[in-house]
Every structure is written in C-alpha cells, then in structure tokens.
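Two complexes are shown next, each including subunit A; its partner changes from subunit B in the first to subunit C in the second.
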Partner chain A sequence: MAVMLARRLGSAAAAAFLSALAVFLLMRAVPGDIVGQMLGQSGTDRSAEAALRAFFGLDRPMHAQFLDWLGRTLTGDLGRSWYQGRAVTAMIAEAFGVTLQLALFTLAVSTLIGVPLGMLAGIREGTRLDTAIQTFNLLGLSAPVFWVGLMLLVGASAFLGWSPPFIYRDFADDPGENLAIMLLPVISLAILQAAAYSQFVRGLMVTELRREHIRTAIAKGLTPREIYFKHALRNVLIPLTTFMGLILVQILGGVVVIESLFSLPGLGRLILSGLQGRDYPVVQGALLFVVLIAIGINLLVDLLYAVIDPRLRP
Partner chain B sequence: MADALLAIEDLRVAFHTAQGVVQAVDGVSLSVAPGETVAVVGESGSGKSVTALSVLRLFGRGDRVTTDGTVRFARATGAVDLLHLDETAMRTIRGGEIAIVFQDPSASLNPVFTIGEQIAEVLRRHRGLGRAEALAEAASLLGRVGIADPQARLKAYPHQLSGGMRQRAMIAMAIACDPRLLIADEPTTALDVTIQAQIVRLLKDIQQARGMGLMFITHDLELVGEIADRVVVMYAGQVVEAGPAAVVLAAPRHPYTRALLACRPTRDYAEGGADTIRISAIPGAPPRPGANGAGCRFAARCVMVEPACRDAAIPLRALDTDRLSRCRRAAEVA
Partner chain C sequence: MTGFTIGRRETLLAGLAIAALPRLAHANDDLLYGPADPQARRGGRVTVGSLVEPPALDPFRQAADARIRVSVLMYQGLFFEDQSGVARPLLARGAEVSSDGLAWTFPLREGVKFHTGATMTSADVKYSYDFLRDPRNGSPGAGDLSSVAAIEAPNPSTVVFRLSRPNAALPMTLTNKYGAVVPSGFFNDPNSGTRMNEVSVGTGPFRLRSFRPNSAIVMERFADYWQSGQPYLDEITFAVMPNSAAMAVALQARRIDLAVFSRPQDTQPLERVAGLEVKRWPSLGQRSLDLDCNYGPLKDARVRRAIALSIDKKTVMDASIAGYGTVIGTMVAGMQETWGVPLDRLPNQRVDLDRARRLLAEAGYPDGFEIDLTTIIGYDWMDPAALTIAEQLRRVGIRANIRRVELGVWIRNFRAREMGFTFNDWGTTPDPSLLFYRHFRAAPQGADFRNWNNEKASALLDRGQEVSDPAERKRIYTEFQMLLAEEVPTIMLFSADLLTVNTTRLRNYRQHGTGWYFGLAKAWAAS
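On to the complex of A and B.
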C-alpha cells in the first residue's frame, strides 16, 4: 500500500512537471505577446518595445523564464496579473469557487440521473424502456454542450419568458440568485455527462448480470432487489469510481465553454480572457491549476479504488 | 416413484439461439428419493447441467428458453411443479429447500463480499436470523465444512481463499438452511486432484448426516461407485441408462455406459516416481443437439450397431424393476 502510494505520487509529480512545461511552452506558442497588444498596430517604436519586453522579462532566454516561473510556482507564488496587478493565486481562488460549484452541481445532477438510468436500462435490457434510455444516451452524447446551452437559453426566454440573472452572485451572498444563474449551465453540462454515465453503467450492468455469482445469488433465493442493488451494484461501483473521476475531469473541460456562454466568472473565463490579453502569469497559473486538479482527481480515484475493491487489499 | 423428493418427468429444454433451436434436454425423466444420492453422468454437452438448472429455473439472462414436462418437488406442504411455480414461491425454495453447488467456486462467489456475509445472507433470507445470529451461524457452518479458524475466515474475501476452501464455503452456503435436496454440478472439476476426494467425502458426510437427497453430476464414474445409490447415464439430451449404481457399473446394459467404463482413467503406479494417469476417450463425438438422425443417437459411435438401430427412435425400456436402458440389444451388452 505504501509502495503503491509512493509510486502513484511519484508519477503524479512527473505528470505535474510535464504539464507545467507544456503550459509554459504552449502559452509562448500563441502568436503575439502582451507587448504587441499594448503597442497595437500603430507604433513601431523599437526602443519602447524593447523596454517593455525587458520590463515583463520577455527578453530573457526561454529556459531562464521557465525556471524562474517554476521556482516561484513551487513556493506557491504564481506572480501577478500583468493587467490587473492582482496576485494570480487570489484570482484563481476567486474563479475556482465559481467553477467548483458548477462542476460539483453538474457531477451531482448527472450522477443522480445517469446512474439510475443506466441501471434501469441494464436491468430491463432489451425492453422498450431500454431502447428509450439508449436513445436519450445517444442524443445526449452527440449534442454539443455549447449548442445545448444556447438552446436552453433561447428556449427559456422564448417559451418561459425567463432569462438567468445578469450579474453573478455568490451562493453565500444570495442563494436564490446564485441557483438561478447556475440552473441552465448545470443542465447543459449535465445532459452530456448523464448520457455518458447512463451508457457506461448500462454496459456494466448487462455484463455483471451475466456473471456466475449472480446465478448463485438467484440460487440462494434472493429477491431481484437484493440481486440488482446489492450484488450487482457493489461490483459495478468499482469501475464506476474511475468513471466518476473521468467525468469530473470532462466537466472541468466543458466548463470553459459554458462559462463564457453564460458569462460566469470562473476559471474558464479567467483563462480565456487571460489568453486574449496574453497575460502569461494568469493563463499559465490557471491552466497549471486545472491540470493539477485533474491529476489530483485521478490520484484520489486510485486511492478510492483500493478502498472499494477488496481484491486490491493485501 | 410416488414418494420421490424430486421427480423430473419428460423434461424438454430448448434454447432459441441465433443459430437455431438447441434441444439441450430431450425428454429426460429421473427421480431422487429423500436421503438418496443419484449420480448423473455423461459426456460434455449431454444436458446434465441444463437438467440441473431446470430444477431451480436458473437459466441465464438473455437465454431464450422453452421448457416442457414436469419437475415435481415434494415440499413439506405438498408436491409442486417447479416448472410452473410462481417466482415468489420459487424464491423460498431456492436456497431454502433446494440448494445447488456449482462447478467453479471462484466464479460462483461474489468477489466483493466477505465469505461470512455471503453465507449469512442466505440465513437471514430463509431463516429470518438477525445480522449477528446469522454471522455466528455462518461461522459454525464454516467449521462444519472443515474450514479451520472459521471466525477469522468470516471476514475473508473469496480471493483470499484457496479453490478448495472456496468450494467448502459454497457448500456451507448451500447447506445453511438444511435443504431437502442438494444439487452438485461437477463440484470438484475445477479443483486440485488432491482436494477433490476431500470435497466429495464432505458432501457425502453432510448428505448422510442430514438425510438430504443429493443429485450429483459428474464425469467421474469412479466416484459414482463410491457415493451414489443410483446412477443415470445421459447421452445427447436423453437418459440412456439408469439403475442402482453398483449394478450398472458392474454390468452396464447400454454400449455407451460400457464405453464410458472402458475409458475410465487408469493409474499406472511408477516406482518412486509420479503416477501417470491415462484417459482414453470414446472414439467419435456426440451429435450436435438437433442433429440427431432417425434412429439410435449413439449409433454412429456404437460398436454393436446394426442396420435396424438406425430405423426408428429407441425407447427407454425397463429391464428389471429398477433398471432402464435405451438400447435394442441391451441384453447382449457385456
């Protein structure tokens, strides 16, 4: 267990380093930088340009810039936004609150809808209900999140005369407003993930119910309820844990699109606006943060696995 | 037999598959009296497992099955036909009045529950025991099937036990509610040779101590002589011979039984070395289900075949009061 944990942590650290490098290089691969943005097309004042470059440290060799950034990142200092002058860590913390709420709500809603749907389809394999659920899965999986969000936004205002509030409010500030703001974004993201869950769980259930230990459970005189929700579900839960981690990572990806559609001040918007201004510290910091979260989720899933699956215990 | 515990009569079981209809069991009749051990033998694919599964209606999901005939079972409250009993009543019989031990204990146990939980569950279901009582009873059952330190084993997961121990646990689970009938479908095939004899002995002990009826499915004719009162020989979905085990083994009345006996494994004892076990097989293969010709199903492989054997289906005929054979030349088999 300790060895496994050490190995997992080691590979997580390696992944984190590679991601940091990738984030850094990617940022610089985007054409143009902050200096170009500031001076615009108009001025071609060489000396001003050079001075500005030196001011932002962009004149130094790449590796020096990277090592400098990495070193300070390791101490927890992500620098300051070139535009706002605020600490990047503070900006991330603020934006992450929004993204986290959106992601967790989406995870909860999609799990609560997708898992039971998948179980039901698997249990009722081959019936009309199964076909109906599979049709939903197919539609949910093929509809782009952005499009779903747009349709919901348009549909709500056209048919219900309702639009989500404009100004973002924290849950702590104003729970009602906050939930009204979150409603459509969560639904747009959750439809896709619920469909993914449902499809996955259905497949697991269908396979599981054909296993020999299920025949034993029937031969013991157990009720269908005990067979489905105890014997089968407990086995399905193991791969489902990994899948849940995957879904959460996917949600974090989808959040970027949805945040900009619904103008939510989350990480996605932070990254996008940072990208537009070539605000390197912000984009690098926020991207690295997202990657670290994803690595953390995977690590957590691995650990959870060891708890859930008795075969992984010594 | 009027006082039989289990009486299967003219059982037919067909699977409807994409490739067509597979008539896996084709008119099987057999019975088990209370406290009696009946061995069912026959080559792979002869329909032994399907017959056993029909008794408890344990067909797989996705199998499209049609059954015909009757499976009469004597409950304390009177006889019922298991093929037509409603599911609720069936559930009280499964695990409570009829239990089954399968071939592969590793696959038959749920990998994510402890042995204790899996045994306790059946006690809670049929004997209405509480959690603690059921676990205590499970420990005593584990002791009964010869598992050392049962209290500790309650908390073990299947993967932490050896194959033999897993099968013992399966047996503990099966006898937990004192069933009137125990079905064992090749319970030792998946186990180490050295363990096989122990498991068979255990089953026999328990059967005698509790007076259960035992339907024992096996490939091993040697075993039949050791444990069975009667034997039923199956071939291509039908019974071809039946009678008292000792008599059938000593003087078979069907060429198929004769051939099975001839290809029993023989052990060559080597001086100070490993014994070698030789298994010969009956030449040829059994017909695929549904691919039977008009006459005797064994004709293609029979050493005594005559032209007349291929003319019409051969009925199962009584030779004495307690012997049956499906051969025209039964009297000549030696």
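On to the complex of A and C.
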C-alpha cells in the first residue's frame, strides 16, 4: 500500500510540475499583458509603459520569472493579484468555497436522481419506463448547460414570477439567500450529470443482472430487494466510484460556464476574469490549484478502489 | 513649494481672458452631476446591475471604462465634465488664466473633506496632479497633462498650473476620467493602488464600503460630503450581472433598480412592463471602423475613400443596434450640435459605388482585394455590423474576412499601432481636443494609433489646443473634421443611444453621455 501510494504521489508531483510549466508558458503565449489592459487606448507614453512593466517584473527574463514563481509556489506563496493586491491563496480559498459548494450540491443532487433512475431503467430494461428514462438521459446529455441555465432563469421569471438573487451571499452569512442563489445553477448542472449517471448505471445494471451469480441468487429464491441491492448494486459500486470521481472533475470544469451565467464568484470566474485582465499570478495559481485538485481526486479514487475491492490491495 | 502670487494687473488680464474662454462655467453647485430635484428625499438603498466589472478601483492607473463608471462617485477632480461641453468647477471654485495662456489659477473649494477625514488643501491637489502627470507612475492620463510644466500651491486654497504651451482644454482635462484629488503622500505606500480596492480616499459623495470581485461593489453615503444635503441615497450596490437576459429578469423582479444596456434592442421587452421606465440618452461614445494607414491596401487614401463610399452607415446601425442611435460623420452625437460639421457638408459620407470602383481602379485594385476585418469578442454589436459591412464592401469587389479577437489581444495590436482594419468602440469627455488629440496627433505628442502621420492634421490639433476663442476653435476643428473625412483614417459609423431601465422608485436619475454613473449623486429613492 505504501509503495503504491509513493508511486502515485511521485507521478502526481511530476504531473503538477509539468502543469505549472505549461500554465506559465501558456499565459505568456497569449498576446497582450496587464500593462496594455491598464493603459487601454489612453496611456501612450512609452516611459509609463516601461515603468509599469518593471513594476510587475515583466521586464525580467522569462526563466527568471518562472523560477521565482515556482520557488515561491513551493513554499505555498502564490503571490498577490496584480489588480486586487490580495494574496492569491486567499482569493482561491474564497472562490473555491463557492465552487466546492456548487460541485458538492450538484454531485449530491445528480447522484440522488441519476443512480436510482439508472437502476430502475436497468431493472426494467426494455419497458416503457426504460424508454422514458433513456429519453431523459439523451435530452440531459445533449442540452448545453448554458442553454439549460438560461432557460431556467427566464422560465422561472416568466412562469413563476421569481428570479434568483444575483449578489452572492455565503451560506454562513445568509443560508436562505445562499440556497436561493444556488438553486438554478445546481439544477442546470445536475440535469446533465444525472443523465450521465443514469446512463452509466443502467448499462452496469443490465450487464450485472445477466451474470451467473444473479441467476443463482434468483434460483435460490432471494427477494428482489436482496438481489438488486445486496448482489447487483455492490458490484456496480466500484466502477461507480471511478465515475463519481470523473463526474466531480467534470463538474469542476463545467462550473466556469455556470458561474458566469449566474454571477457566482467561484473559481471558474476567478480564472476567467484573471485571464481577461492578464492577471498572471491569479491565473497561474488558480489553474495550478485546479490541476492539483484533479490529481488529488484521481489519487483518492485509486485509493478508494483498494478500500472497496480488497483484491486490488498489494 | 514655490511662492507664487498673482498681481492685480495679471488678475485683471485673467478676468478678461476668462471671458473669452469657451466652455468654462463658474461654480453653480446645483448643476453638478445633473439638475437637483426639489422633491428629493434622503435615504434608501438602490442596486444597479452592470454587465461589466472594474478590474480594480484605482482612478490613477486603471484605464478601464468599467472603473471610471463607478469611481466618479468616490473620486473628484477639479472640474466636472458637464454633458453640454462645459467644464463646471467641482473641487475648484473657478479658473483664471494669464493673458499668455500659460498660467492657470484655480481657487479651491474650502471645507472639503477626504473620506479619510482629513481636510483638502492645495498641497493635496498639487501632489495628486503631480503624481498623475509623471509618466513613471504609469497613469493612462499622464499624456493629457503633457503641457503642464509645473504645479504650484501658493496658499492652502489656491493652485496654479504653469504650462509649457497654452491648453484651452485644461479644465476639461482636470475632470474625472483619470486621477483625482487624494491626500498628499498617499502613494508613498507601494501597495496604494490595490489599497483603493478596500478603502476610498477621495472627496466624492459616496465612499467604498466593500468590493467583492465577480460579485458586487457597495458604496455608502459620505456623511461629510462638502455639498450640504447631498447625496440623497444612503447606499448603492453595483451587482455584476452575467448577461442582458439576467439583467432584464432582475429588473422585472425588482432585484435591481437601474441598468444601462449595451444593446438597446434588449430593452424592447421591458418597455411595457409596469413599474419600469425605459429611457434613451444621447451618447458621447462612437462605434467606428478604424483603418491602419500602414496596412496593405489601406496605405492608399483612395482605397480608404472607396471603403467609406461603399458603407451605408444607417443600414449598419439598424443591423447592429436596431436603429437605436444616431448616424455620425466626424463627431460623436452628444457633441455634434456644438462642435460637429453637418454630415451633408462632409466628403465621403454618402454611398457612391461608382466613384468607389473608380477610386479602387485608380489605386490599382480594379478587381478589389481581400482584407481581414477585425471584431472584438464580447462586443455583440460588432458581429452583425461586420456581416453587413462585408456585404456592402463585396459590391465594389472588396472581400472582407471577419476575424474575431479577444479584447486583450486587440488592445495589444491597437497600442502597437498594428490594428489593421478593425471595429472600435470608444468614448470621450466633451471637448474636441480630448476627443481627437491623442488619437490623431502624430507622435510623439499624440499616439496616432492609425499611423495617419498627417502634418496638417497635427498642426490643426496643436492650434485647437492652444486657442481659447470659441469661434476660432470651432473653425479649427471644422477644418480638421473636413480633413478627417477626406483622408479617412477612421470611419465613425454611429453613436448608440445609452438606454437605461430603472424601477419607478429610483427618481431623478440622469444618464451622463459618457456612460458613467454621475447621475446617482443626484438620484433618490421613493419609499
């Protein structure tokens, strides 16, 4: 177990370093920098431009900038936002709180809807119910998240006379307002993920229910409840765990669109506004953080495998 | 500090000189930020929806229009850029200029407090404008003050600006776009710029309470504001809205009280909603097509003229903003009456395809040519405008390939004077020198983004800045506009009306032509 963990951590560190390098180089490959953004169409004095470039350290050689950033990053210091002046770590923590809440709510809602639907469709394979659920899956998977979000927003206003608040409040400050803000974004994302879940679980159930040990269980006269939940669902759990990890990563990726659509100050919008303003410390720090999260989730899933399935333990 | 006093004779001359000054008014506080409303009552909170958010709130070093919109409520310059083109004294009480036009004396308003609690003196004014004009401090507004040689504070309530060359537009330059009066020594802290995201240190009617990026800016009434009884509102929240649809929904649900729409047609569904008011305001902005005079076929003025003669501006305006605006020639709509040349007097304004074809043939392009036409991602109006113009140019054989670029990339190309053939969307404070000088004066005095490098234009722009006599200024800028229309380094297409939608509880809000939120200083909330 310790060897496996060490090996996994080693490859994770290598991936993190390569990602850091890629993020750094990509940001600088994009034309335009913060100096142009600050001066716009007005500031035309070359000495002003040079002064600002020196202020942000952009006049230094690229490798010196990278090594400086990497050195500080290794000590946990991601620098400060060039616009806000705040520590990037604090900005990421604040934004990630919003994103994580959105992701976990979405994961919970989509799991609660998608897994039972998938099981039901698998058990009732070939029936009208199965067709109905598969139709939902198809629609859910095909509808773009931003379109669903926009339709929910306009629909809630037109038919219910209700609109979500647009100024974000933390759950701790105002739980009611926070949940009202989260409602439509969570539904928008959860429809897609529930459909994906349902489709995946249905396939697993159909395969599982055709296997010999299930036939044996039926022959033994076990109740359907025991067959589905004790024997079938248990075997579905391993691939489902992997899938949950993938879904979580996918949700974290998908929140960029939904955060922009509903004015949520999460990680996606932090990265997007940082990119637009060429706020290198923010974008580099936040993207690196996202990469580390993805690596972390994959690592966790690998370890969970070992916990769920003893055969995978060394 | 240099001890400078003005003698009686000089004051007399200054008095005579100021009589000749074009667009400068003495203090009339009732007209600042818009007319007062006798029915106004104190108190109340309002929320303003905005599609754009300032990256930061530093008025000295952030050029973003989204910053200026809100920071004008917290920070003040010496003058206010009245929509009419008058520079109204704000922190100054008036202005006196020496007979040679090289010394401007500004008596200051007394009893003005900063948000920090300190009292404003001439030392603060000198400090602030010295900081602004020093290019090493990286302000986009530094270039506008290049004619200032020295600033003196002879006594606590007077500042004197000494110029190296006359500048009739100086009061309009000392308004609220860039810089402001802040406490002396504020910038000694190297993190002062970013500190402005946490506290405001200006003299404006509102002060910053909080700024949460990607979410909201909250301002509260400044209790010690120098204009007694103002402002009326206790609190303003600027909420960052994701898109126009959400803004419309939020207005209908009364979650926001005011929104300025960038695409006028988005307000159409709101026109008949009870409790909402949709209003149109003239704009000081322009939607234009810029032509880099160093770029391929555009190097030839005949080609640029041919392009101008092929474009039907009205059709472009209808396609991109559903007609909610004014077709312009060489002046933004908000200044057309005062400074503009009537469109029928300007060359190359009416579609004439035969002449366009002839000009192209003379320039060596009888079969037209292919060219990239750049639009900026996020500027919704540009895409339909680009399609329309591409279609119009096709009639004379010019094949335009539409290329969409991200704003940061576009700014980089623009600043590097590598703009090619591109759409632009920009505004001005209401003075022709501030509108034209930076963009069209040859380097190094101007930026000449379009590589026009026209000596006659530069001479006219220099002269227009120096001359105080209104009639003479008008003549100079008329001549300049004729030249602009003949040479076509830019094609000003139209000024889009500013469209505001407000709930009926928000009263007396007037939208300034710049698009900035000055009007909130005079607005009030009905119970």
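We adopt the following convention: the second predicted complex is superposed on the first by the 310 of 314 C-alpha atoms of A that agree within 3 Å, B and C clash if a C-alpha of one lies under 4 Å from a C-alpha of the other, contacts with A are read in each partner's own complex, and residues count from 1 in each chain.
We adopt the following convention: a residue touches a chain if its C-beta (ideal position, glycine included) is under 8 Å from a C-beta of that chain, and two chains touch if they have at least 3 such contacts.
Only a predicted model underlies this, so the values are computations on that prediction, with no experimental measurement involved.
Student: Should the pairing of subunit B and subunit C on subunit A count as a clash or a fit in the superposition?
Tutor: Fit: subunit B and subunit C sit side by side once superposed on subunit A.
Student: Touch test for A:Thr241: subunit B only (first), subunit C only (second), both, or neither?
Tutor: neither
Student: Of subunit B and subunit C, which one contacts the greater number of residues in subunit A?
Tutor: C
Student: Mind working out whether A:Ser19 is in touch with subunit B, subunit C, both or neither, as first, second, both or neither?
Tutor: neither
Student: In the overlaid three-chain picture, which partner chain does A:Gln65 touch, first (subunit B) or second (subunit C), both, or neither?
Tutor: Neither partner.
Student: So after the superposition, what angle do subunit B and subunit C open up at subunit A's Cα centre, nearest 10 degrees?
Tutor: For this superposed arrangement the angle is about 160 degrees.
Student: So, A:Glu212: does it touch subunit B (first), subunit C (second), both, or neither?
Tutor: In the superposed model, A:Glu212 contacts subunit B only, not subunit C.
Student: Between subunit B (first) and subunit C (second), which, if any, makes contact with A:Glu125: first, second, both or neither?
Tutor: After superposing on A, A:Glu125 lies in contact with subunit B but is clear of subunit C.
Student: Counting only touches as set out at the top, which of subunit B and subunit C does A:Gln276 meet: first, second, both, neither?
Tutor: second
Student: Please provide the least distance in Å between a C-alpha atom of subunit B and a C-alpha atom of subunit C in the combined superposition.
Tutor: 48
Student: Of the residues on subunit A, which ones does subunit B touch that subunit C also touches?
Tutor: Of subunit A, no residue contacts subunit B in one complex and subunit C in the other.
Student: Over in the complex, which subunit A residues touch subunit C? Could you list them?
Tutor: 30-33, 35-45, 47-49, 51-52, 55, 80-81, 83-86, 95, 150, 153-154, 157, 161-163, 165-168, 260-265, 269-270, 273, 276-279
Student: Please output the residues of subunit C touching subunit A within their complex, sorted ascending.
Tutor: 47, 49, 53, 55-56, 61-64, 135-144, 178, 191, 193-195, 197, 212-216, 237, 239-243, 245-246, 249-250, 252-253, 255-256, 406-415, 426, 438-439, 446-447, 449
Student: For subunit B, which residues count as touching subunit A in their complex?
Tutor: On the subunit B side, the touching residues are 56, 58, 60-62, 91-96, 99-100, 102, 104, 107-114, 121-122, 125-126, 157, 159, 170, 173.
Student: Can you check the complex and tell me which residues of subunit A touch subunit B?
Tutor: My answer: residues 125-126, 209-213, 215-223, 226, 231, 234-235, 238, 309-311, 313.
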